[in-house]
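In structure tokens below, several structures.
You will see subunit A twice below: alongside subunit B first, and alongside subunit C after that.
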Partner chain A sequence: MLLLQQIINGLMMGGIYVLVAVSFTLTIGVLNFLNFSIPGIFMLSAIMAWRALENGWHWGLAIPFGLLVAICASFVVERFTYRFMKNVDHEIPLVSSIGFLILFENLVLVAWGSDQQKFPSLIPDLNIRAGGLIIGIGQMLSLALALLLVIGISLLLKRTQLGRGIRALAENAETATLLGIEVHRIVPVLFVVTGLLTGISGILFAMNYQQVSAAMGDVVGLKGIAAMVIGGMGNIWGAIIGGLLIGLTEVLSIYFFGADKVDFYVYGLFLVLIILRPQGILGSSAATGVKL
Partner chain B sequence: MSGYAEAILLMLAINVVVAQAGYLPLAAGQLNLGVAGFMAIGAYVSAFVTNTYDLPIVLGIVSGAFAAWLVAVLLAVPLLRASGIYLALATFALGQVIQAVFLNLEVVGAAAGYAVKKHASFSLIMTTTATVLALVFLLSRTRFALYLTAVKNDPVVSDLFGINVRMIKVQAFSLGALIAGVGGALYAHQYSYLEPQNFNILLSVYIVLYVLLGGTQTVLGPILGAFFFTLLPELLRGSEQWRYVVFALFIIALMALRPQGLITTELLRRLTLRRESKG
Partner chain C sequence: MLLEAKGLNVRYGRITAVKDLDITVAEGQIVTVLGANGAGKSSLLKALIGLVKPASGHIHFNGQDITHCSPSERVKAGLALVPEGRRILISLTVEENLLLGAYHRHDKAAVAREIDALYQRFPNLGERRYAKAACLSGGEQQMLAIGRALVGAPRLMMLDEPSLGLSPLFISRLFDLLSDLNRNGLTVLLVEQNTGMALRVAHACHVLELGREITHGTPQQLKADKKLQEAYLGA
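Here is the complex of A and B:
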């Protein structure tokens, strides 16, 4: 029974990783750009929502405010990374996005210090108890929200004009331009979408674990990268599987082997997969496959 | 020399060494985000050897470097199946795994940390740094450096011209790890206490930043990058966080304005030409 409880907790945590992994996978799949600023944006949205709540704002205003900051931050990252990435080595935008991660974290440290702050619990602390299992309503809602968002993104990509543009860009930027797709308009929108997704995951994390800190994005962000790779880079459905799998691996390795060994198993799985199956569990062949 | 200046110089020496560890793979087009892992291997192995067998520090450095090199050679063949961003991610995961291994290795103190009994003298660290730099400079004068650039710029054409691309890639990767091992061993015997958390992803990222800021085309680039990164925070007095804010802004600006790094072969050529025309 305890094991089953751990599996449930793992899936709940996995929901957060799913959203972060989708953000990573969108920028990798479309632009072949590993956006390291995502953990910073994750943290920024939660911290800004926390500040707004501390100043007495209603949560209905505080949460959109956090999301707005996340979107703006993501937009600024686009201006200074992707725009300059033409004709340079592929590691350059990655390095500038690391610059943004360091910038965001240290700005927050300057303003509010490194202490872990308490984030008020916005969802009533209700639990469903079924046959000895405890399922938190808040966590369940956020897992459901994460899955819904991913389905939404996937519909957006499949059904809308914007989605078709993004998929064309993912296939081949040059051909997309020739076919009249305005790449310079689509890319900023893509960053707005990933900023929003990352922001939502940051606030969900803060609500579920009732804490925020300047460093909160680091561990989640790195696990999000692992989730993306395991599911298959550039594959949205893969991000779901990867995220949930990382959540499960994490709690199960804590359960069976102890907390110190978690990273060994999570990143060990990541390392073995990227060598043996770089396209991930769901990804099609990396060289020729259809992305997104 | 004051204690402060000496401490800065020692930190600078170690950073200059590890910058070369990031440079060699990058010169062949490999972004190694696991350099800190190889540093950890060098640090722990050298510390274990000097602690347990009471060997001189020099032998500790050699064993640490050899251990890091050996791990890199064994892992290079599967790892280098990946390239580009996949390789960067694979090395990132490798760094995390190595860190997790030391976090659980009881024989070197696991999470509690590991005290290093012997302390390296100032002159030993400086001599080692000078030796590493001299060797890398010599290497940059050989055809090997040319092969690295060729493999980086176009692996397919390099292959057609008869370069053993896989061999060059493995050599660049494992030589980088060897130097990272030396850097780690110096670190261990300078700071006298090792914790797995010291060798995290951020350290790897900083090492890569030294190289990219300085420029990947010359051996001088990473040295300048390491100087810059070590001395800039010291010059920017004030709170530590503000230093990093300025530092981050600098990274972003430099990557946007001069993505090829501060020093390029073009720049060196122009500088030397000017000097010749004056003379």
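Here is the complex of A and C:
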């Protein structure tokens, strides 16, 4: 029963990785751009929501404020990185996105220091008890929200003309352009969407762990990248599987081997999967160019 | 004139792909541009749809100066390009490819009717409407590429070597289709290396060599020019 409990906890933690992995995979899949500023945006949204709460804002305002900052930050990253990428090597925007990660983290360090700060518990500490299992409302909310968002994005990509345009852009930017798709308008939309997803995951993380810090995005960001790669780069459903798998591995390795060896098992699994299936669980070989 | 390009120059760095080209396409015509590899034919079409910026020159379409318009504005104005190598989006389904051809249109019901009409015309596409476009044969992909352009309701359809890589049977079907579309009012600008077929359907021809026009005229005039036939048209 305790094992089942851990599996449930792991899936819920995985929901946060899922959102981060989907953010990474959207920019990789569509723009072939590994956006390293995502962990910074993750942190910014949580920190800004925390600041707003500290200043006495109602959570109903503080959370949207955090998300708004995340969206704006993501948009700024687009304006200063990807927009200039068209005619340069792919490494250049990648490096400038790392620059933004460092910038965001250090701005927060300068303003509020490096200490862990307590994020107030917004959701009453209610649990659902079912046959000996304890399911936290907050965690359940995170998982449900993460899955709903990802399903929503997937439907947007499949069913709407904007989504088809994004997928056309993912496969071939020149073909998309000559079909009359306005690439320069779609790209900022994509950054706004990934900023929102990352921001939501940051705030969910803060609510579940009830703490924020300038460096909170780093570990989650790395695991988000790992989740994306395990699932198959550029594949949304792969990001879900990868995210949940990492969440599960985390709690199960704590359960069986103790908390000090978590990273060993998480990244060990990552390594084994990458050796066995370099393209990722749902990834297709690069030759076919099939993405999203 | 539906399309009028004057003094068009296209350069890639120091290489001049198209030099001082004048070309006009009247409404209802099929105009063909012939020439060997590297004659500048594809660059001409890319400049006309807006994928490359001409170094100099002017392009007028339907009475409007589109020299500085973006590709999407040109598509909205009624231009469509069926690119070389078809450029089907293989990760999307057949139907999604067709829907993307109508990206700039907002009359969903009319688009759906036109797509249905296309399925009547090309039953192979209709049968595989929900399949990934990657599973189509070369000929079917070419039909899809043309269908995708047609769904955009263009006034001028430009095609870049549509017969490339097709079987003789498909090539003759392709040219029948172009003639048929033209009879129904579609204006066509056709770039081809398949000279014989192109001259059969065209109303007017331009022959390019190394980015320059060396001659133009009706198919009859070009066919009568024995020197030209031997030197450039490979007859």
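Simple rule for what comes next: the second predicted complex is superposed on the first by the 289 of 292 C-alpha atoms of A that agree within 3 Å, B and C clash if a C-alpha of one lies under 4 Å from a C-alpha of the other, contacts with A are read in each partner's own complex, and residues count from 1 in each chain.
Here is the rule we use: contacts are C-beta pairs under 8 Å (C-beta built on N, C-alpha and C of every residue); 3 or more make two chains touch, one makes a residue touch a chain.
On a predicted model such as this, the values are computed, not experimentally measured, just so you know.
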item	value
First, second, both or neither for A:Pro278, with subunit B first and subunit C second	first
Chain touching more of subunit A, residue-wise (subunit B, subunit C)	B
Partner chain(s) touched by A:Glu182 [first = subunit B, second = subunit C, both, neither]	second
Partner chain in contact with A:Glu174 - subunit B first, subunit C second, else both or neither	second
Touching partner for A:Ser96 - first (subunit B), second (subunit C), both, neither	first
First (subunit B), second (subunit C), both or neither touched by A:Pro120	neither
Partner chain in contact with A:Gly152 - subunit B first, subunit C second, else both or neither	neither
Touching partner for A:Gly165 - first (subunit B), second (subunit C), both, neither	second
Parts of subunit A lying in touch with subunit B, wherever the complex brings them together	28, 32, 34, 80-81, 84, 88-96, 98-100, 102-103, 106-107, 109-110, 222, 225-226, 229, 233, 260-264, 267-268, 270-271, 274-275, 278, 286
Subunit C-touching residues of subunit A, taken from the complex the two chains share	161, 164-165, 167-168, 170-172, 174-175, 177-182, 288-292
In the complex, subunit C residues that touch subunit A	49, 51, 70-72, 74-76, 81, 83, 87, 89-92, 96, 99-101, 103-104, 132, 134, 148, 152
Subunit B - residues contacting subunit A, complex	26, 31, 78-79, 81-82, 84-86, 88-90, 92-94, 96-97, 99-101, 103-104, 110-111, 201, 205, 208-209, 212, 216, 239, 241-242, 244-245, 247-249, 251-252, 255-256, 259-260
